[in-house]
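Note that the chains take the letters A, B, C, D and E in the order they are written out, and that residue 1 is the start of every chain.
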Amino acid sequence: MTVQHAGCVGIVVLVASLWANGAFAASDREKLLTDPGVYGTFAAYSFNDDWGRKEGATRIALLTVLKGVVEQHREKIAIDMYLLRGLSDHADILFRAHAHEMRDIQKFLVDLQGSAFGKQLKVAGIMHGLTKRANYVPGFPDDMKADLKTASDPGAKPYAVVIPIRKSADWWALDQEPRAAMMKEHTEAALPYHKTVKRKLYHSTGLDDMDFITYFETSKLEDFHSLILALEKVKEYQYTRRFGHPIWLGTARGLDEIIEILAQ
Amino acid sequence: MTVQHAGCVGIVVLVASLWANGAFAASDREKLLTDPGVYGTFAAYSFNDDWGRKEGATRIALLTVLKGVVEQHREKIAIDMYLLRGLSDHADILFRAHAHEMRDIQKFLVDLQGSAFGKQLKVAGIMHGLTKRANYVPGFPDDMKADLKTASDPGAKPYAVVIPIRKSADWWALDQEPRAAMMKEHTEAALPYHKTVKRKLYHSTGLDDMDFITYFETSKLEDFHSLILALEKVKEYQYTRRFGHPIWLGTARGLDEIIEILAQ
Amino acid sequence: MTVQHAGCVGIVVLVASLWANGAFAASDREKLLTDPGVYGTFAAYSFNDDWGRKEGATRIALLTVLKGVVEQHREKIAIDMYLLRGLSDHADILFRAHAHEMRDIQKFLVDLQGSAFGKQLKVAGIMHGLTKRANYVPGFPDDMKADLKTASDPGAKPYAVVIPIRKSADWWALDQEPRAAMMKEHTEAALPYHKTVKRKLYHSTGLDDMDFITYFETSKLEDFHSLILALEKVKEYQYTRRFGHPIWLGTARGLDEIIEILAQ
Amino acid sequence: MTVQHAGCVGIVVLVASLWANGAFAASDREKLLTDPGVYGTFAAYSFNDDWGRKEGATRIALLTVLKGVVEQHREKIAIDMYLLRGLSDHADILFRAHAHEMRDIQKFLVDLQGSAFGKQLKVAGIMHGLTKRANYVPGFPDDMKADLKTASDPGAKPYAVVIPIRKSADWWALDQEPRAAMMKEHTEAALPYHKTVKRKLYHSTGLDDMDFITYFETSKLEDFHSLILALEKVKEYQYTRRFGHPIWLGTARGLDEIIEILAQ
Amino acid sequence: MTVQHAGCVGIVVLVASLWANGAFAASDREKLLTDPGVYGTFAAYSFNDDWGRKEGATRIALLTVLKGVVEQHREKIAIDMYLLRGLSDHADILFRAHAHEMRDIQKFLVDLQGSAFGKQLKVAGIMHGLTKRANYVPGFPDDMKADLKTASDPGAKPYAVVIPIRKSADWWALDQEPRAAMMKEHTEAALPYHKTVKRKLYHSTGLDDMDFITYFETSKLEDFHSLILALEKVKEYQYTRRFGHPIWLGTARGLDEIIEILAQ
């Protein structure tokens, strides 16, 4: 394993070449991130005690392995990474993976956990969801639909938050109509934050112990806080049995950035 | 332990011979998987940190031990294996064992955990259930009975999900009639998914902290998700006190396939 | 520690002599198991990772220590052992100890945990109860009393189940009369299983976080399952706040049998 | 560290001299244990795996360190010790410390945990309370007050039980009058056990997650059980949200006795 | 790493020079601690077993690293430290960090956890909140506003308590008016303790699993206890779903004082 002594320059070169090989078309990634019928897995890990004892060169070699595993699977699945350390309990890094088949995500995570890098990790939590066509939006008034189509503010949204939600049995027992009415109120409450807080919804029922995974990106955490506060005030919130536990708060990072931080 | 240096060819030969010796009649297995009065145990394990540090040859030797233990007990009990890693929290592999006597299952798991392979494992969870004749089906209309008898779609169903359920005290306090009426509604909601999602029910009351273990196999996880969502909308769901916690999601794998994945 | 190399023959001789010295009159044991005013402690342990790494001779030496500790304390207290491994989560062996004074049980468990064998153990759970004269039976009809006096079927009852129970505040707030009426219904529901499932009740209030520990022995787990199901259908069950968590399911084993299994 | 080879005679001599230096007036201790406005901390510890591997001489040296830490702090605070091992889950020893300032208790526990002995310990739980003048007693009838003043039976009370309690929001929302009426009923239910079960009450609100810590000493555990059962039957119990979790059951031991037991 | 043998004099010199370089204007710190729109993170850690095994010189070297990390980040963020050991479960030290951007706090904690010192730590818990302008105070009567502006008693307030709070869905569903009325009652109940217990409020909704983090400083723990008891008696408390779990109780300490205590 000659890379172990390669130092920083060597690793950058290697990384650059992997990136070149490992890319899959940006349009494929875009489709996975916007299409319905796509599976999204959130897998959070913490480092075990061994990691802390590794010296710099060994760390770099292990991070090269991480790079390789991620790049290899990026040919089929969309992988995003987040730094949770310092902001979330008992978790250091988070992977968000999108694919048409859950098996492909499993293959990625099995490869990751079985790799020399993965042996430094403990699973902090794994959650799954499915993207679906909007359930209630078709019945919303046209102006609300238009508002929902407005693009969010451009620019980086460094903060990411993952909040799993479980609804009560009473919620599911309601007819579609009262549920739609409550979701309209929910959406109205959320609209003022539409530009600064990006949201994505995953349906989890049966795939894990949640009903939904809600995912947020923002550069203004205060707006995100105000959004959640507004959502706790609408009637639909009273049908929520579990909100968070855990909430994962972190910062979105490119693979290279994660590697750079972890290398230190 | 000469096998430790035998490499991949050696292990394959060994494995093939064990397989030949270890078989028990497919018809016996079929009976265990369909008869009432059979005990089913779900035992999930994760690997401890030692496993990650084993080198390839040692791993192969240990996996040979796993193979031996499973084959030996397959003479009396039906054993299925699932890869949970990457899809479930804190569990890597799941064994589902069916036998006429729980003692035989205990003997298998004691041998497994006490083996050189088992010393690499931590118990992630153990649940037990008993298969019984359908409780409510005899009272269902004939066309519903016919629908329930329709075979599920042929072909592999790679995904498996295990969901333990505990009913509320109010459920058990109901008379048989209102419970049967609700189970009819439950069954009607499930019928559209009958062909693509295979179900099996285990009765757990007293054997562990659940009342039921529900087991699902499918190739279409989206259909499975829709099935569970449909079941959360019927009245009977309101009598559910615990649903999941944990939900184990994994992929069904043959013993050889498990060994191949774990050998890497 | 010469015994470490003594092998199987040596251990059997040693064991036989300890047994001879360590016996206390069977009638004393019988009294402890049937009298009111006796304390019963259920202490479950799992093995730590060290145990798995011990070689055969070391294991046998350590099991000899176990044997010695148990035999020594059997002069004063009644000790039963159960193999939980493979059937219960996170616990491998269970001791049930009966004594007139809890201090004697503490002395046994302190000696056990402090012994060379005990250093291989982690505490999985400890629960205590007190045997008392039947509270409601004196008011039952004579034929029910007669039925309760019928001896259970002879023969081994290899399976043992321990279920802790906590009643709600509402239960304790009831007058004796309605509680007695509900316990009569409870007892009627249980009677059909009287012959195949042996029961023993321990009162726990204040001694641990439960109100009762219910202990069952059977050779027919299916009957035990039906019994618990029947008990969940009576009105008294609605006053149960905690049922199980954990349920310990295992098989009753003699000390020698436990040693033989653990030696492997 | 010459003491490491001193053996049993040496340790006893050392211990005797520490005791002589470390005493503070018995009257001070008595005041701390009876005055209002005193802080009481319950700190339970279990031994880590290292402890089990220490040889006898090392253990004795470490226990000498324990002795030194306790004696040094006994000049300012009252320290009692209990053996929980064998009777309580996941805890081996319990310290009860009384002082006028919590900082003095922190100093003791920081010294303890930072000592060579403390490095063998894991924290099992820490709870704090404050002693206060009786809240409801002044309004009780005179004969009840007299009964409460009766001394408890003389003689050792070897068993100690610690039960934390949290009341519901409804309890605190009640006016003083109905609360006093319920506490009168509570006290009446407890009076029959006044002589054989000694009680002490600590107010915890804000200091930890409980509202009260109730502490009991008895030589008759059966009476203690009957007392708690009686207290669960009065109306005030229905305003209890948490009772125990954990309950710590142990035996009161002098420092020398603890050292003797742990030395083995 | 020559400092490893420098002993106590050397470390003090080094510390003094770091302090001189690392200061940022006291006014900036004051603003962070009083302005609205500031993020506050509470990060509690316990030491792992390795720490206990380090010798004095190594400890001092590691504590110098802690000093360096804290001083470096004090240029941008306000960092306070607390000793939890002996007073709180499973946590030894607590950092409270205030910054205008959560990213700066993450950078500090990532640096801390990744440092040679941080490798001795396990995360015990991380919570975040946002300071905001008072929500209900503007509607309070003028005399109450004046009372709230009274400065708290001068002098050190060594004890610090952190209590996270989650309100029920019913609370958020209330209109502003009834909530304001209840908060007025809440504030009236708290006023008598205004001078001896300093309070600070952080809004957490969405940032972690709480709605609020309440932070208290006092030299009179008994007053703090009385304050919380008073707050549990007002109507608003009935809308509290979670109060504490954990409550962190500790003593405020300067960085040098923490280092001195941990060096021992």
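Please note the rule applied: a residue touches a chain if its C-beta (ideal position, glycine included) is under 8 Å from a C-beta of that chain, and two chains touch if they have at least 3 such contacts.
Only a predicted model underlies this, so the values are computations on that prediction, with no experimental measurement involved.
Within the contact network of the assembly, the step distance from chain A to chain E comes to 1. For the two copies, chain C and chain D, the CA superposition rotation is 70 degrees, given to the nearest 5.
Homomeric contact chain B/chain C is classed as different-residue, with under half of its interface positions used by both copies. Per-chain CA centroids place chain D at a distance of 29 Å from chain E. Once the centre of each chain is set as its mean CA position, chain B and chain E turn out to be 48 Å apart.
Shared contact sites, meaning residues of chain E that touch two or more other chains, are absent. A ring topology is adopted by the chain contact network, closed into one cycle in which each chain touches exactly two others. Residues 37, 39, 41, 43, 48, 50, 102-103, 105-110, 112-114, 118-119, 123, 125-126, 128, 130, 169-170, 172-173, 203, 205-209, 211 of chain B are the ones touching chain C in the complex. Of all residues in chain E, those touching chain D in their complex are 49, 52-53, 83, 85-90, 158-159, 161, 163, 221-222, 224-225, 227-229, 232-233, 235, 237-238, 240, 243-247, 249, 251, 261, 264.
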